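Here come two complexes built around chain A, the first alongside chain B, the second alongside chain C.
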Partner chain A sequence: MKELITNYIINEIHGGDPDLEIAPEDDLLGSGLLGSMEMMRLVEHLEQTYNFRVAPQDMAIENFMTIEAMTNYVTRVTA
Partner chain B sequence: MDFSWPQEYLDYKARVAAFATAELSGESRENDATQTFPRHLWEACAAFGIQGLSLPKAYGGKLEEVDFMRALLAMEALGYGCTDNGLAFALNAQMWTVQTPILHFGSEAQKQKYLPGMAAGKIIGAHALTEPEAGSDIMSMQLAAVKAEGGYRLTGTKHLITLAPLADVVLVFAKTNPKLGGWGISAFLVDRGTPGFTTSDKMDKMGMRSIHIGSLHFDDCFVPADALVGGEGLGFSIMNHSLEYDRCAILASQLGAMERQLDGAIKFARERKQFGKSIGSFQAVSHRIADMKLRLETSRLLLYKTAWLKQRGDAARLEAALLKLQLSEAFVASSLDAVRTYGGGAYLGNGGVERDLRDAVGGVLYAGTSDIQKNIIAKFLGL
Partner chain C sequence: MIYLLPHTVFSSAERFPKKTAFVCGKEQLTYRGLADRVQQLAHLLREQGVKPGDRVGIYLHRSIETAVAIYGILRAGAVYVPLSPKAPPERNAFVVEDCGIKILVTHPSQHRNLQRLLAARTQVQTIIGGRKVEDGNVTVFNWEDVAEASTTNWAPPRQVETDLAYIIYTSGSTGKPKGIMHSHASGLAFARNAVTRYELGPDDRFGNHAPIYFDISQLAYFGAPLVGATAIIATDAETIFPASLGQLMARERMTVWYSVPLALSQLLNAGVTDGLDLSTLHTILYAGEPLAPKYVRRLMETCPQATIGNLYGPAETNVCTCYDIPAPPPNDDPIPIGEVWQNTDRLLLNENDEPVEPGQPGELLIHATTQMLGYWNLPEQSASAWFHQQLPGRPERKFYRTGDLVREGENGLLHFLGRRDHQVKVRGYRVELGAVESQLLTHPAVGEAVALTLETEDDALTLVAAVVLKNDLATTEKDIITYLKEQLPWYAVPETLYLFPGFPRTATDKVDRGKVKAMLTPGT
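What follows is the complex of A and B.
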């Protein structure tokens, strides 16, 4: 899942930028890798890919700040 | 695919339209001219059950659970019957950007304190997001909420806030941790009368003049920890969650207004005679009215689809942006076409036709400008 999220950010949001490197623990919003709209787009992609809905109360830093956090969250709620 | 509505929904829609036509439209022109907020009409709406449409029975609604599609049709009917577009706008603003966030994110104590009073029309709530330097770029908001003993201290200003001069309570967004960007935004409920919290007088504006907008000022304003809604850092989610409901419902009322406008234009074009014939028999006029009908029906399809997605619990971010862009721009275009159809009488203010045009212009600005909607659409298309 980490690879899927990383590839989505690089290819769909950053146009396949070959120089872009993202670590699983990078702060996606805080570092500017994602804007607020891109974050919502990524969330929608995860919802469609893994067939679940992010509860509004779950849309929080501990679940979506990094690729690592997202992976843990999606794994937990789709288990 | 089935485009029909259950008969009970249509019956309810007809009752709302009849109520709005009979009870809410008599003072529209005067209230627009004098910028007077019709508090008694706000309370009449509450007595009818309008504000309760976004709440379950436990907190003042009429039904056990919120039925968004039924509520949407009701707000469309309200827009059709009520010629004061500002009143419908403000009702929607409270229902979907104050009541809904409290319902979904608030504590039980917050729900009990505010929601029944809002449903009853006794408490007015405002949603406060925009700042003087943070309009479309909302993530750059500056209003700070600094942790203090037992709560937070708020400092900063909110700007262009619907109902600000009247609100008994505001749902205000502030940065609790500026280093975290979007994740550092939190929402608070602040009561009027809280030391350090003041509101401006109403601002003069172009349209929807019966509804007051203004600024909020927080000067080292202490709020207790239990004023926080949903927990620290949930502001980003709260604002996103309510926006799609808000866009659907506000635009439903505008759709109703567009239908009222179309019905009026058809009636006028049939009755008004020039060169010995009804002006509707001239293609220059009838084609303009055909354009109005096309805008109405294409907007309706987008509205119902977006609402259907929300009712199912599906994401509707792209659809909500398409809807907001289409319907708000269509209302402006059709309002201008209505003025052209009515001619000089409309320009002089007869019949409220020019008021619809002034009201419609606000729609391409608030809750995300048309340019911002295009940005969202483009982002979702991968551009």
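What follows is the complex of A and C.
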């Protein structure tokens, strides 16, 4: 799943930028890798791919700030 | 005596040395700690040859370093220019070239975007706070270098309050961004107006949502140090996730909040305020766009103890009018912008620069100590921004032309009608786009709305609207159009309604109307 998210950010949001390196623990928002619109697109993509809905109260930093956090969150709620 | 912006920090460091000045994420600085870092950054800047009046760029995300950067640059006598790391590199390169920035203050987390900016071959020679990289053309100091710089109290350069302090570039709806120049006096005048009006003091905890390139941030950045209060800077992540933002407000026991309406409507729409203790908030202010009355009512239910104030003012004058909403709005009429606040004068003029009849719409003109010095390096546009009031035998007074249409109601309150250039003529009738939008927002399923005109193939204008629905309410385009037909004259009902998942936004979180229009225009 980490790879899927990383690839989505690089290919769908950053136009396949070959120089882009993202670590699973990078702050995606503070570093400017994602803005609010891009984050919403990514969340939608995860919902479709893993067939679940993110509850409004789950739309929080601890679940989405890093690729690591997203992976843990999605794994937990789709288990 | 406090007459330059950094005086606020040094004065509060004397009075409240151990008090927390700024909090952001896991970081915080006391007033003493902030004053030391400011002094060190100023020292380093001077060593690097920065002279009074030089422009220094700030290339930072929402972070504790923003406060150090703003005041360190000002302490050195220089002018700070906030850049948005999220903006396209070409736009930042334009700003850097336009005002001759040679030094940037940044943070290692911005490294990726910064490299893109530097690749645009700007004349930037020195980076402070960046990641050290092998690059023969640029000298880099990191934040550890700043922390090791001298804190000795050298004599700051001789400056007066009307000297240039900061330049904020507008998103520039047409053409190139314009640099709005403000003095220390104008920044301080805004902070004083706000803290006086809302009786803010050292025990207050200011919540800040806006980036530093948006003047909404100045209540926290200038106002908190002025009174020795604590400012809580929401991180980028906190501004994106309403649930986290609500938790921050409660956890930090914020007492004052000032943001764009979007932050408040998102908080209410996400339904995350239940169970949060927001009882410490006594002042909630918003500006930049209207807040629909339905949100005002819900905000009043959520925070019944708080004064809710609608502030209005273009970046050229900062806040100039305010309206403290006295009671839950009984209907869905747009919230008035109130009246000019203290130390501010205004005129309402028609196309011929004559005062309008009472109750008639006119352009709002503002004369205040918060007004800009002018636009950077644009003498003609600076000159045409002003109306010179010349009364016989009296000195001239300069009024800024806001370009906003306003009407004074029978209750003496000013009502915002829209941008002068948002008044359009369709099918031979004059339509105020803002009026169509506020009508759309009265529909329970509509979260956000934009009305605009598109050119048709035969060069006529057609009125259309784009809306973002609230995710929990089902409706169709047809429902909304039917609803509008009951509320608006036929010529003001949009011909087509488009549903958007979310609107593109400008750097200052306003709806990017230009982009919405481009997305609806075939072939672009």
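In the analysis below, the second predicted complex is superposed on the first by the 79 of 79 C-alpha atoms of A that agree within 3 Å, B and C clash if a C-alpha of one lies under 4 Å from a C-alpha of the other, contacts with A are read in each partner's own complex, and residues count from 1 in each chain.
One rule holds in what follows: a contact is a pair of C-beta atoms (placed from the backbone, for glycine too) under 8 Å apart; a residue touches a chain by one contact, two chains touch by 3 or more.
Nothing here was measured: the structure is a model prediction, and the numbers come from that model.
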{"item": "Chain B versus chain C as contact partner of A:E47, first or second or both or neither", "value": "first"}
{"item": "Touched partner set for A:L29, first chain B, second chain C, both or neither", "value": "both"}
{"item": "Contacts of A:L20 with chain B and chain C, given as first, second, both or neither", "value": "second"}
{"item": "Partner chain(s) touched by A:M65 [first = chain B, second = chain C, both, neither]", "value": "both"}
{"item": "First (chain B), second (chain C), both or neither touched by A:Q57", "value": "both"}
{"item": "Chain B/chain C common contact set on chain A", "value": "27, 29-30, 35-37, 39-40, 44, 56-61, 64-65"}
{"item": "Parts of chain A lying in touch with chain B, wherever the complex brings them together", "value": "12, 27, 29-30, 35-41, 43-44, 47, 53, 56-61, 64-65"}
{"item": "Residue ranges of chain C touching chain A (in the complex, touch as defined)", "value": "61-63, 85-86, 109-110, 112-113, 235-244, 247, 270-272, 501-502, 504-505"}
{"item": "Residues of chain B that touch chain A when the two form their complex", "value": "104-105, 139, 179-183, 230-231, 233-234, 236-238, 240-241, 313-315, 317, 375-376, 379-380, 382"}
{"item": "Residues of chain A touching chain C in the complex", "value": "20, 27, 29-33, 35-37, 39-40, 44, 56-62, 64-65"}
